[in-house]
Each structure stands twice: as structure tokens, then as C-alpha cells.
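Two complexes, one shared chain (chain A), two partners (chain B, chain C).
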Partner chain A sequence: MLQPLVQNIVYGILIGALYGLAAVGLSLVFGVSKFLNVSHGELLMLGGYASFWIFKLLKVDPFVSIPLTIIFLLLIGFILYRLIFSRLIKLEVEKKIQNSLLVGFGLSTILQNIALRLWTADDRSITTAYSGLSFELAGIRFPAVRLISLGIAIVALISLQIFLKKTFTGKAIRATVEDWQSASLMGINIHQVYLLAFMLGCAMAGVAGTLVSICYSIDPSMGLNWTLKSMVVMVLGGLGSMVGTFVGGIILGVTESATAFFIGGNYRLIAGLLLFLIILIFRPQGLFGTKEGDK
Partner chain B sequence: MLKLTDIDTYYGDLQALWGISLDVNEGEMVSLIGPNGAGKTTTLLSITGLLRPARGGITFDGHDLLKVPPDKIVDLGVSMVMEGGRVFASMTVMENLELGAYGTRARKERAETIEEVFKTFPRLKERLTQRAGTLSGGERQMLAIGRAMMSKPKLLMLDEPSFGLAPILVDSIFEMIKGINQQGVTILLVEQNVRAALELADRAYVIENGRIVGEGSGEALLSFESVRSAYLG
Partner chain C sequence: MKKNQTLLIAFIFVIVLAVIPLFIKKDNLLTYLCMILLYISLASSWNILGGYTGQVSLGHSAFFGLGALGTRLLWFAGWNVILAMLVGGIIAIVFALLIGSPAFKLRGAYFTIGTLALGQILFATVGNIFPQISSLPVQDLQSYTLVSRYYLFLAIALLTVLVAYLIANSRLGLGMMAVREQEDAAESLGVNAFRHKLTALVISAFLAGLAGGAFAFFQIGYYPQYPFSPVWTLDSTMMAYIGGTGTILGPIIGAIFFVVLKEVLSLNLAEFHPTVFGILFILVVLFLPGGFMGFWKRIRAKQNKKRESAAELSHP
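On to the complex of A and B.
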């Protein structure tokens, strides 16, 4: 009984890292711009398809092509922000949230249908020569691609963290998260900060999408599920802490796989949403968030 | 140096300023006094570009500020310390100061400016790696002013710098502001502590219900009967 349980938890951690990475992007955009991008999952889907087609047509290894996917998503982010989301920024907080939900749902429908039209509804996944490889340790299996993906998710998180902590631009982003008026009075162009944060959020979604297309599979309608997971994780980890968000992802992954193990696979999703509700009721600032963070 | 001509500013549909006109000359210290909700903060925010007047004009050193985005207004040399200081609490003192010099003009001289700021506020140097959120009220105010000085302002606007501070600190904050003015920085001061504000300033404006209702030298206003009865008791 113990070995299959541990195996399940290991799988939970491995997928949880991807939840975490997806949520970090959503959380960054929400923290900086104070709007919720419910089409975040569709951006992840675009990242998955980008890697899939680069692999299929150009025969470039999906891990190697990650920088290309990042550039593609940065570009998508730039266009979407300039065209759509920049118009929300000027609204008051409450209207901004409401309108961002409408705009986000509309955008997710559009992106889904474009994907459906261009790439059909088929499930796709990237199968490389080493996709079947796995390591075994004390009877527990570690699939190679998922281990590499965990590593890449951690590298992406640490890179983002270093950028935010150490660079002048990163500090400007953090300042804007804390107090946009004060930030503006420092001479920070906050509209540039909003744009940059949105682009970075898209890039994080893109990397997550690539890893999903390698470890699992992608299809045009996958977005909503990933948006939901990202929202759960964002609340779980608490706003303002990137590391907390990432750990929140792993907690969700483990909760889901433990539920699947003890109760049954059909209850995975419910377990996640239940966790979401419990956190909202008993610790609305999240596991790692501070109360001050929601200012 | 700074000239406001007949500005009207709104919060949504609510008009907060009614035809405010005022001048600040280079090197001066000018105070803006008046009761709560009179429009003092709104006036300062209109100058920074965080609020935009619906009508009227604001010029600074010959630039039409209504056409300049907020971040570039800082670059032109206008800096504001908001009420309560509003330092970035989760960041260190050093990071706060660095961000003060974010603008392109100030960034080049960051290393020298920070030494000057330490001369005015030696306490900040001892607290460099501490999070701003852990500072005392007085230290926070010093950090907020020091951070504003990092942008190398020609005009420094201060909103209630003495608010919430212990009386003993109030005097030393005013001393520091006076020192900054003597270094050649023009000051526009909004202050509840009317007596101190009038004693310190070359000139002052009295603002009530969003309108300028009085103007004169600090001394003249101190002896002005309506100001005495309204603010000095």
C-alpha cells in the first residue's frame, strides 16, 4: 500500500510544479495590474502548441525550443496588452476586475476557437526519443521528462525571482505592486510596468504550456481547467509571494493525487476546489501571504 | 518657477478645486494651509500628474505640465512626499532610496546623491538593509523625504510631513526641511501645524472649500485675524 501511495505523491509533486508555474504568471499579473486574466489558461495552451509545432515541423527538441516559445508568448502578451488589457487599467478597481472577467472570457473563447480551427480538437503531445525513459528509486518511478520539467519550472521561478529582487526594473515592478501612486512619484512609468508584467506572465504561462505538452497532452479546450487550477493555487499560496505560489501548486498537486489514491480519480477536481473554499474561509490571505499583501 | 492658473480638479463628478491659482518662485518655501478636505492634497496631486485638472494651466520652468506624463514630471524636477510617507514597506531602506532615483536624469548621479541624503539623514545610513516597514514613524518620514531627494528635485512638495509624529520629532523634521530649502531646493509645504508652517515659510496660501481665500507672507498671515481665529485658536 505504501509504495503506490508514495508513487502517487511523487506524481502529484511533478504535476504540482506545473500548476505552480502557471499560477506564478497569473499571480504576477494580478499583483501588478489588479485585474484577473481568466484567459491565462489559453496562453498556456498557445505555449503548448508553439512547442508542439516547432517540434513537429522544425524537429527542434521541445526543451531546447523553450526560449523560442518564451519570445513568442512575450510577443503575444505585448499585442494582447496593447490591444485589449491596457484599456482596463484606467478604470477604478471594482470595474477593472468586473470588466477583466468579461474581456478574459471573451478572449478565451476566441483563442479556443482559433486553436480549434487551426489545429483541430485532437489531443496532441510531444513524444521525443527519450519520452519513455524513467528512473527507479526504491521502487518509485520517476519519468525522465517530468523530472526535467520540474527542474525547468524551478529554474523559471528562480530566474523570475532574481529578476524581481535584483534588477532595477524588477524593483520597479515590486514597487508598483505595493503602491502604484508612490511608484509613479518615483518617476516609474507604471504603464510600462503593467505591460512588462503582463508579458512576463504570458511567458511563464508559455513555459508551463511547453512542459504540459511534453509531460501530458494539450488540446484547444484545456485552458479553462488550467485557469481554474492557477486561481486555486494563487489563493492557496497567497498573493505577493512567488515562492509561496509555487509551493501552493505542489500542495494542490499532492492533494489531487492523494484524493485520487484514497477516494478515486473522479474526485481530483473536487478536492482542489474544496481546498480552495477551505482556504478562502479560514485563511483568505493564503498559506504564505501576509494580511498586508492585499492592500 | 511653478505657476497654477485657474485650475479646476474633479474626483469623478465631484469638483474638489475651484479656480486655484498660485505661484512658487525659485528658492522659496511656500506653505499651503487650510482645514481638512480643503483641497491641499488635491492641489499637490494635480501638479504631479496623478490627478489631472479639467480646466486651467500648470507650468513648471516653462513646461506645460498638463502635457507631460507623471513619470516625466519627476524627471523635470518635481517631487512629492505623500502624507504618511508611503514608503515601500516590504523593501529595504536602500531599495527605497534607489527607487527614488529611478528617473533617467537622477539615475546617473545616484551614487553622489545618496551620500548627500546621508548627510541630511544620517539615521538612514544605519538602517540601510532594514525593511522600511520596520522603521519608526520618524524614520519612515525621513526615508520618504530622503527618497524624494534622490530624484534631485528642483521643487519638493511635502504633504503633512509632521503628521502623526511625536512633538520632539516634528521640530527636527522641520529643521531638515529648512536645511533642504537652504541647499537651494524650492519647497511647497502642506501642513496642519499652521503656526510652524507660517513661521517657516516665505509665503503662504490659505485654501478653503477648494478655493484660495488668502495669500501673503508667513508673518503677515500669522497676524491676520481670520487666520488666527480659525487655525491658531
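On to the complex of A and C.
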């Protein structure tokens, strides 16, 4: 009884790291610009397909091609921001959240449809020569690709953290999260900060997508659930804290796997969403921890 | 005079819709009309909550699905289908009442994502409980007529539009619109925001539940999970937005446009219908708040202004 439970929790932690990584992107964009980009899950899907096709057609190892995926998603982010999201920046906060959400839904419909037509509805996953490898420790299995993915997720988060804490641009982003008006008065170009944060958010989604396509599987309709999971984690972890978000991801992962263990695998998703609703209801406004929310 | 004209046009429209099955014998054409009517019901019922009351819900498919599920189960158990549909609608109301008070603690975008999560919970749960496809038994299949389905869809679409019309022209409707425009201000003027929102939710849920019932009666075989799919919610939301939220005609125009566009694209771009519709939706949200109806009103206003200034010039 105990061993399968521990095994389940280990799997929960491993997938939770990916939830955390996915949510960090969403949370960064929301924190900086108050865009609730509900097509985040579709961006993650694009990242997954990018690695899948690079692996399939060019035979490049998916872990090695991560920089390519990042560049691809940065580009997508640039285009989407310039074409669509930049037109929302002048709205007041409430309206901005609402409209970015609606626009995001339109976008997710579009991306899902395109993915379905280009790449069919099949489940895809990347199977490398080492996909089957795993370590055992005290009877608990640790699949190699998921361990590597955990490592990459942590590296991605730390790099982002260093970028935000140490570089000038990163500091500008954090200043904008704190108070965009003062930041703007200090000579920070808010538009550039928004754009950059959006692109970084897309890149994080892309990396998460790559890892999902290696460890699990991807399909065109996966986006909505990943968006919802990212939102759950964002709410769990609180805004503005990378570590908090990452821990939130792991909490969600463990909750899901515990649900799968005690109730049934089909109820994983429901457990997370219930958790989400409960938090939403008990902390309706302040939950994203924003200054605007407290006003 | 103006009002009478509108009513007359509406009346003629309804008569035409009522006699269409006498002339059109092609099944596929009648099926398209059924779909248009279904989408009109869905978009208009969404509009009562999302458009008039300003509570942008993304959980509409939950009510549609519950209505469909209840109707299907009772109908297959031997109930009269109309009775089964009513019960389906009532199930939707019960669910609306259950979720109403927690959901309306959330405002704006938080309400929107909360309802989305609710819808997804039901979608997943129903899929877990009823994994098997639900097919019409053979004896029912033999007596299946499309025309009876058509009239049912027509009746529900008419009922939905009529209810929306009556609400829009009532005290209740004014209260809802006040809540939409400025919730706090409405409260301070004595409008009970929560009660108005809940009323809108219940009415919207009931009508969506009826539409779900008609769908359960219409569709020969489907997975019970299917009507709960977020696609229904997104489609109705997009239709209402493209046509124009908070208007009677908007969701109707949006629904007709949706199905006709699908037909037009079917020649060479059918598979990209969601993409085209999604792009239109984004354009409306970004540049055309008020949708087609808002656009039309603006053009009319401009013309009137021109006419007025022209009249002033000719009679100084």
C-alpha cells in the first residue's frame, strides 16, 4: 500500500514541476500586463509540436532542440503581441483582463483548429532511444526523461529568476509588476516591457510543451486543460513569486496523483479544478495578490 | 408605428419558418435550419446572462448538457419527450441555483474563469460516469422524423427570443442592465445586484436546458459528454459577440452568420471554419464592441445626423 502511494506521489511531483513551469509563463504575463492569456495552453501545445517535428524530421534530440523551440515561441509571442494583445494595453484593468480573456479564447480556437488540420487529432509523443530508461531507489521508479525534465524545468526557472533579479531589463519588468505608473515615470518603456514579458511567457510555455511531449503526450485539444492547470497553479502559488508558483505546481501534481490513487485516474482533472474553485470562492479578489485587486 | 412594423416583420418571419417544412423536403437543408435554430436558442439564452446582465459566463454548456442528459435518460425510460425536456430544464435550474451564490461572489473575469472551471468539471465527470455512446433504440429510429425535431427547435428558439425580448423591455431587464453598467452604482440605487444576476442565470440556464433537451431528441447517437463540451459555450459566446451582445437581434444574426459561414466555407475551406470564426471574434472584441448590431447602429446614427444637418441647411 505504501510503496504504490509513494510511487504515485513521486510521479505527482515530476508532473507538478511541468505545471509549475507552464504556470510561471502565464503568471509572468498576467503580473506584468494584466493579460489573462487563456491561449497559454495552446502555446504550450505549439512548443510540443515544434520539438516533435524537429525530432521527427531532423532527428534532433528534443532536449537539445529546446533553444530552437524557445526561439520559435519568442517569435510567435512577438507576432501575437504585436497583432493582437498590444491593442488592449490602454484599457482599464478590469476590462483588460476580460478582453484579453475573450481574445485568448478566439486565439485558442484558431490555434487548436490549425493544429488539428495540420497535424491530425492523433496523440503524439517523442520516443527517444533512452525513453524507456528508469532508475529504481528503494523500490520507487524514477523514469529518466522525467528526471531530466524536472532538472530542465528547474534550470529554466532559475535562469528566468536570475534574468529578472540581476539584469537591467529584468529589473524593469519587476518594477512594472510593482507599479507600472511609477516605473513609467522612471523612464521605463512600458510597451517594451509588456512585449518582452509576453514573449518570455510564450517561451516558458514552449519549454513546458517540449517536456510534456517527451514525458507524456500532446494533441491539438490539450490546450484548454493546460491553461486551466496553469491558472490553478497561478492561484495556488500567488502572483509574483517564482518559487511560490513552482511549489504550487507541485502541490497540484501531488493532489492529482493522490486523487488518481484514492479515487481513480479519471478524476485527476476534476480534483484540480475543485481546488481552484474553492480558492477562487474564498479569496475572490485578492487571490492574484495584485495591488489593483486590493483597491 | 415603428414598433408595430418590427412586430409585423417578426410575425412574417415566424410564419415563414413555420411553413418551411411544407415546401422543403431536403433533409440536409432542414438539418441546417435545425442547427440555426439551436444556435439561436443557445446564443440568445447566453445573451440574457452575458449580454444583458454583463456576467460573461463560460459555463453555458453545463446547462445545455444537463438538459440534454436529463431529457435523454427520461425519454429513453419511456417518458413523454416534452415532459422529459421540462425536467431537463428544471435540472439546469437546480444546478444554476446551487452554483449561483458561490459563483456570483466572483466578479468580472474571475466569474468567467470560475464558470469555465465548473463547466469543465461537469464535462469530465459526465464523461467518467457515462462513458458509453448513447444511441437511439431501433424502434425509435424507425419512427424518427426530422420535421418534428424542426418544430421543437423552432418552438424553443421562439420561446428563448420571446423571453429575451420581454426581459429586455421590463423593469427586471433595466435592473440587469444597470448591474452590467455599474454594479456598485446599481446597488446604491436600490437594485439588488445578486438577485438580478441569479434571476438572469436561472432563466438563461432553463432555456439552455430546454435547448439541450431538443438536442437530445434530435441527435441519433452521441456521447452523453458531448453536449457538455466547452465548444458549445465558446460557439454561443462568439455568436453573441459577433452579432452584438445585449441586443435581441444580435445573437440571432450571429447564429445565422455562423451556420451560413460554415456553408459558404464548405466549398473549399470547411475545415478552417473555426479559424475564420475565431479571427472574426477577435476582430469584434478588439475593434467593434457591439458586434454587427453596434456597427449598424453607428451607421444609422451617422446617416441620421447627415440627414438632420441637410434638413437644417435647406430650411435655414
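Details
We adopt the following convention: the second predicted complex is superposed on the first by the 280 of 295 C-alpha atoms of A that agree within 3 Å, B and C clash if a C-alpha of one lies under 4 Å from a C-alpha of the other, contacts with A are read in each partner's own complex, and residues count from 1 in each chain.
Criterion: contacts are C-beta pairs under 8 Å (C-beta built on N, C-alpha and C of every residue); 3 or more make two chains touch, one makes a residue touch a chain.
Remember, it's a predicted structure, so these values are computed and weren't measured experimentally.
In the superposition on chain A, A:I188 contacts chain B only, with no contact to chain C. Look at A:P67: by the touch rule set out above, it reaches neither chain B nor chain C.
Counting the residues of chain A touched by each of chain B and chain C gives the higher count for C. The intersection of chain A residues touching chain B with those touching chain C, taken from the two complexes, is empty. On the chain A side of its complex with chain B, the touching residues are 168, 171-172, 174-175, 178-179, 181-190, 292. Contact residues of chain C toward chain A in the complex are 56, 58, 102, 105-110, 112-114, 116-118, 120-121, 124-125, 127-128, 230, 234, 237-238, 241, 271-275, 277-279, 281-282, 285-287. Listing the residues of chain B that touch chain A in their complex gives 48-50, 69-72, 74-75, 79-80, 82, 86-91, 95, 98-100, 102-103, 106, 133, 147-148, 151. Residues 36, 38, 84, 87-88, 94, 97-99, 101-103, 105-107, 109-110, 112-114, 117, 224-225, 228, 231, 264, 266-267, 269-270, 273-274, 276-277, 280-281, 284-285, 287 of chain A are the ones that touch chain C when the two sit in their complex.
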